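Letters are used for the chains, namely A, B, C, D and E, taken in the order the chains are written, and counting of residues starts over at 1 for each.
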Amino acid sequence: MENVNFIYDLLGKNFIAIILVISLPLMFVLVYALAAILAELKVSAWIQERLGPMRTGPWGILQPIAEVVKLIQKEDITPDKANKPLYNLAPFIIFTGAYAAFAVIPFSEYFVPAGINLGLFYVFAVGSISAIGLVMGGWASNNKYSLMGAMRSVAQLISYEIPAAMAILSIVVLASTMNMQEINKLQSGWFWNWFIFGGPGSITKIWVIPFTIGLSLIYFISSLAETNRVPFDIPEGESELVAGFHTEYSGMKFAMFFFAEYANMFIVAAILATIFLGGWNSPFDTFMQGPIWGAFWFISKAFSVVFVQIWLRWTLPRFRVDQLMYVGWKVLLPISFVCFLAVSLFVMLK
Amino acid sequence: MLANEIFEQLKAEFGEAVIEYNDKQPADSYVVVSANGLFEICHRLRDKDDFLFDYLMSLSGMDLGENVGVVYHLYSMKHKHKLVLKVAVPKSDPKVPTVETIWRTADWHEREAFDLIGVHFEGHHNLIRILCPYDWEGHPLCKDYETPEFYHGMKVSY
Amino acid sequence: MSEKKRLDLEYSQLESDRMRINVGPQHPSTHGVLRLEVEIEGEIVTEVVPHLGYLHRSFEKHCEKMTYPQIIPYIDRIDYIAAMNNEWPYVMAMEKLMGIQIPEKVEFIRVIMAELNRIANHQIAVATFGLDAGAFTPFLFFFRDREYIIWILEKMSGARLLYNYFRIGGLAGDVYPGFKEDCLNIVKQVRKTNAEVMDLLIYNRIFIQRTANVGILPADVAINYACSGPVLRGSGVKYDLRKDETYSIYNRFDFDIPVGTGEVGTLGDCWDRNMVRVNEMEQSCRIIEQAIAQMPDEGDVQSAIPKRIKPPVGEVYMRAENPKGDLGFYIVSNGTDKPERVKARGTSFVNLSVIPEISKGYMFADLILILGSIDIVLGEVDR
Amino acid sequence: MVQYFKNIWSGLSSTAIGMNITAKHLFVKKVTIQYPDQKFTMPPKARNRLALDMVKCTGCTACAKACPVNCIDIETIRVMADDPHQELLHTGKERKLWLGRFDIDFAKCCYCSLCVVACPSDAINHSAEYEYSVYKREDLLYKFQTLTDEQVKDKQARLAEFMAIEKVCHPDDAPAKPVAKKNIDEKTE
Amino acid sequence: MGLLNKLDDPYEGGGIVLGKIEDLLNWGRSKSDWYLHFGLACCAIEFMAMNASHFDFMRFGTIPRASPRQADFIMVTGTVTFKMADRIKILYEQMSEPKYVISVGSCSNCGGPYWEHGYHVLKGVDRIIPVDVYIPGCPPRPEAFQEGMMLLQEKISHQAIFNKRKKLEAELEK
C-alpha cells in the first residue's frame, strides 16, 4: 500500500492528516455539485436554443451559489403526519451513501482517500445505502406520491445493480484485482490499454473489444438508472409523481437530496472513468502524465461522462416502470452475462 | 334525409309523442317531442337504418320561463344529415328521460344541464353536479337565479 | 372446493390494497386544473373519476348579459389556445342567423388565420404530449416555432393569445404588408421542425414504447362518445368538418384528412392520435400555401352590417372544425341585442368524457399519456 | 428473437439520432431576447395598455358602452354657459361635456380593443406600454381626468344650481334629460 | 431566520456586518427563485411561452418545481374559481417560508372579465392569499411577466431579515 495518498506521505498518518483527507473529497463534492448544477442549467438551455441563467453574476455563473444561499434560508417543513425521526434522517443517509463512496475513488496517482483492496466491492456496498434512504424518505413523508416514488426507485436500484455488477465483475476478471488504484495502474500507456478496449495485451485481444465496449455501455445505462437520471427518472418523474420521493422535503433537507443526486452522478462517472477509461492515465502514454496531470485527466474524463448524462437527459423521453424492468432484466442482464462469459473465456485462453 | 321527412316518419310511428315541426326559423328548423316518448324516439332515431343518428352533437338545457327545455342536436355519420329535437317540461317537475344509454356522450351533457338549469334526467346513473362545486346551491343559468352572497366564507360579488 | 374457487381465493389473497390518488387540480401534467380521482392497484389503474369545474368561468351566463359583439372576447377565452378557430363558428352562426354575405377576401384571411392557429395549437398539443412522456427539448422547439406564428397573429390582430379578430360580417383589420412572405416562411419553418421532431421524439424507440398500444379507443366507442377531431380521426374515422360539412371556402383547397393507421401499434392508440396532429400540421401548411396563392389583394374586410346587431328571433347551431374537434355554438336569439341563450359545445368537454372508458387497465404513467393524447383545454371543458 | 434484437438496435440508434440533433442545437445561435436589455419591437397594432387623449375625448361614453367588462367609468358634467372656464375640442367646436371622472381599471380590462373601435373621435387608443406591474392593486386604477377635484366640484355645483332653476321653471320635465351623467353600473366599490 | 434574530440584539450598535449578511441573504433569495408549476387558464399558456426559448424565464434564475414545498413563489396565472380557491389556499400554506405570490392577469387580479357576472369566479386572488406583485394584462405579454418578476426581485432584495432593519423601517413609516 505504498503511494496511496500524498497527504499521508507529507504529514504522516496522524489526526490532522486524516481530517484533511476526509475533507478534501467533501470540498470537491461541494464545488463539483455547484458546477454540475450550473452545467445542467446551461447545457439544457443551450440545447434548447436558450441562454439559461444570465442575470446572476456574469453569464449567470453565480447562480448555484445564490441557490445555496437561498436554500439555507428556506423554512424546514416537517409534515405533521410524517414519521419524524425517519423523515429527518433520510436525506443524511442518502448523502452519506453518496459521500462514503468517495473514499475509494482514485483521484490521482498519489491521492486515494483510502486505498482498500476491495475498492469496487466497497463502492457497491455503500452505493446501496442510498436505497435505504430513499425508501425511508418516501415512506416517512406520508405522501402517496412520495411512497410510490420511493418504491419505484428501490425496485429500480436493485434491479439495475445486477447488470452494473456484472459489468464490473467482468473487468475484475480481466484485471484480477478489485483495488481501483491497481486497475488504474494496469491501464497505463496508450489509450488502447484501457479496459474499454480490452485492457493491456497483445493484438489477440481484438475479438474481446466489442464485448468490453458493450460492458461499458451496460454499465453506463445501469448507472443512469441508479442515479435516477432520464430516461430512468421514474422515481421523480415530474409528469406523474409531482416530485417523487422528495415531494415533501424543503429547504436544506431538499438540498441534501439535490447534492446527493449530483454526487451520485459523479461517482458513477468516476467509476466508469476509472475502470473503463483509464482513470488518471493520460490517453497518450507518457504525454502529460504525472500526479497533477492525473487529477486533471481523471476529472475531465469523469466530467465528460457527466456531460453525456446531462446531454441524454435533455434528449430522451422517460421509460415506464414495466419497461424499465424489462430493459433491466431482459435486455441488460442477459447481454451482460454473455459479455461476462466472453471476457472470462478470453482470460482463460490468454 | 330532410328534417320534415324525418318528422313525418316519426309522427306516423309515435303519433301523439311527436308534437310539432317548426320550419319557420331563419336558420335551423326543429322537431318538438314530448318527454314521455323521448327515449323511444331517440332509440329509433339512432338505430333505424334510414336515420342512423349515431352522433349526438350537443345537448343543451334551456330556461324557457315557466318551462325548462332540452335541445338535442343529432348528426348521422353515415347519411350526414342533422336533426334538432326539442323537449319541454314544466319547471315545477323538470323530469326528462335520460338518453345516456343511447349516446354515452350524453352522460356529461346531462349532468351539465342538471347542474346549470336543473333539468332532472330520470334514469341517469350518476346525476350529480359537474361544473359547480358539489355543495353549490341553485342552478346558475336559470333566469331567476340569484348569486349567493358568500361561498365558503368568500365573498361572491365584486 | 373446486380448483377454480381455490385459485380465486388464492389470487384474492394476493390482491394488494387499492390506493386512491388525486391527480390534480394542481399537477404538472393535467394540462390545467383538472382533477382525476384515480384508483390504482400497484401501478395499474382500476378506476378514473374526473372532477371538472375548477375553471368554470360562467361563460354562458356572461353571454346572456352581453351584446353580440361583446361576446367574442369571451369566446376567445373558451379555448384559449386556438382562439381564432373559436371565434369562427360563432361569427358564422351569427352570419347565418342574420343572412350576412361576407367578402371573399375575408374568407381567405379567416382560413389562413384559422390554419395558422391550428398549427400553433397542434404544436402545443404535441409538445405537451412529449413533455408528459418526459421529453423536454421538443417542447421548446415547438414553442420556439409557435412564437413565430404568434408574431404573425399579433401583427394581424394586435394580441398574442386572445385575438378578438373575427367580427360578425368581417374582420377587425386588413392584412399588413409582407403578410404573405411571413406565412410562407412559417410554413417552411414548421416543416423543418416537424422533420426534426419526428427523429427526436416521434420515432424514438422509447417514445414508441410508451405510447403505442396505450389508450386504445375503438372507432365505435369514439363515435358513441361523440369524440371529434384528432381523437376520432386517430381511431381511423375519416371525419373532418372541413370536408364533410364544407364551410367557408374549404372546398377550394386540396388537402387530405390524416387518420390513424396503427403504424407502430394498434389503431387508435396514443401514438396514432399524436401522429394525426403532426400530419395535420402538414395539411394546414398546404392549405396556407394554396390560400396565399389564391388570395385576392384588393377587397373589403368588413361587410355592411347594422350598427346595433339585432338578429331576428330564431335559433341556430353552427359548428366548425376546431383543432381539437368540432366546436359548436347553439345560439337562441330573442330579437333583442342580447342573446337568450348561448351554449358552447366544448370539444374538450366531450373528448374528455371518454377518459374513464379508455384508461382502465393501463398503468398510472399511461394515464398521464392518455390524457395528454386527448389534448384538452380546461377552459373549454369547464367554460 | 429477431424482433428482440431489432428493438434493442432501434432503441440505440434512435437515441443516437436524437443525441445528434440535440448536439447540433447546442451550437446554433440562440434565439432568446434578453428582455430588460433588448426589447421586442411591438407591431403597430399591438394591444397593450390603453392611452387616452383627453383633448380629443368628447365624453360621449361610447367606449364605456362598448366595453364588455365595464372597466371604463365615466362621469360627465354638462358645460354651463356661465362657466368662465370654457374649452375648445380638437375639432374646433366648443366642448359640451366636462369629464368629471374618467377611470379605467386595468385590473379588469380585457384588452379586447372594442372601445377603440367604438370611439368616434379617436381619443382612446392602445399604446405600446406593457410594463406597468404594481405592488398594490389600487395602482392599476388609472384616472385620466384632467380637471382638478375643485374644478369638478365647482362644475357640479353650477350644474346643480342650473338644475334647480330648471326644475322651478319646468317642473314637469324629466330631470334626467340635462344630466349627462352615466353611472355604468351600481358598483359596490 | 429565528436563530439569526437571536443574535441580533447584541449587535444593536453596529449593524454593518449584519447589514452585509442581510444583503447577501437577500441577494441569494432574489436571484434564485423557484416557482411552483401552476397553470390555471389563458395566462398559463403565455407563461409557457415565457418559459420557452424566446423569452427564457430561466435567465432570472427561476427553476420550475412541481412540489409546493420546494417553491419560493407562486404565479397565479389565470382565473381563480371558488372550486379552486380552497386548493390555492392549501397550496400556499404548504409552501415553505419565505414565500411570495405574483398575481398574473386581470382574472387573478380582480376577476377580470368575469368580475361582474361571474358567479363562480373569485374576484381577485388577494382575497384568499397575500399578493406581492400584480401584473396587469389579459393575458400579459411574456415581457410583462418578466417585468413583474423583476419587481418581485426588487422587493425581496430590500426585505428586512433582522430586527434592526425592521425597526428602522418602522421608524421610517412613522
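By our rule, a residue touches a chain if its C-beta (ideal position, glycine included) is under 8 Å from a C-beta of that chain, and two chains touch if they have at least 3 such contacts.
Everything quoted here is computed from the prediction, not taken from an experiment.
Any chain bridging chain A and chain C, meaning touching each of them, is among D, E; the list is complete. The minimum number of touch steps linking chain C to chain E comes to 1. By number of C-beta pairs in contact, A-E leads over the other of B-E and A-E.
Among the remaining chains, the Cα-based centre furthest from that of chain E is the centre of B. Among the chains in view, C has its Cα centre nearest the centre of the complete protein Cα set. Of all chains, the one whose Cα centroid sits at the greatest distance from that of chain D is A. Here the CA centre of chain D is 26 Å from the CA centre of chain E. With centres defined as mean CA coordinates, chain D is found 31 Å away from chain C.
The centroid of the Cα atoms in chain A and the matching centroid in chain B are 63 Å apart.
Each of the following residues of chain B touches two or more other chains: 131-133, 140, 157-158. Taken residue by residue, chain E touches two or more other chains at 53-54, 56, 59, 66, 83, 110-111, 113, 115-116, 119-120, 138, 141, whereas all remaining positions touch fewer.
Listed for chain C are residues 27-28, 53, 56, 58, 61, 73-74, 137, 140-141, 144, 162, 200-201, 204, 206, 382, each touching two or more other chains.
Interface residues of chain C facing chain E in the complex, by the touch rule stated above, are 25-28, 31-33, 53-58, 61-62, 65, 73-74, 77, 80-81, 124, 139-140, 143-144, 146-147, 150, 160-162, 378-379, 382. Those residues of chain D whose C-beta lies close enough to touch chain A in the complex are 8, 15, 18-19, 21-23, 25-32, 34.
By the touch rule above, chain A contacts chain D in their complex via residues 43, 46-51, 54, 311-312, 314-316, 331.
Residues of chain D touching chain C in their complex: 7, 10-11, 14-15, 17-18, 21-22, 25, 31, 43, 45-47, 66, 68, 110-114, 117, 126. Interface residues of chain A facing chain E in the complex, by the touch rule stated above, are 41, 45, 48-56, 60, 62-63, 65-70, 72-77, 238, 242-243, 246-251, 254.
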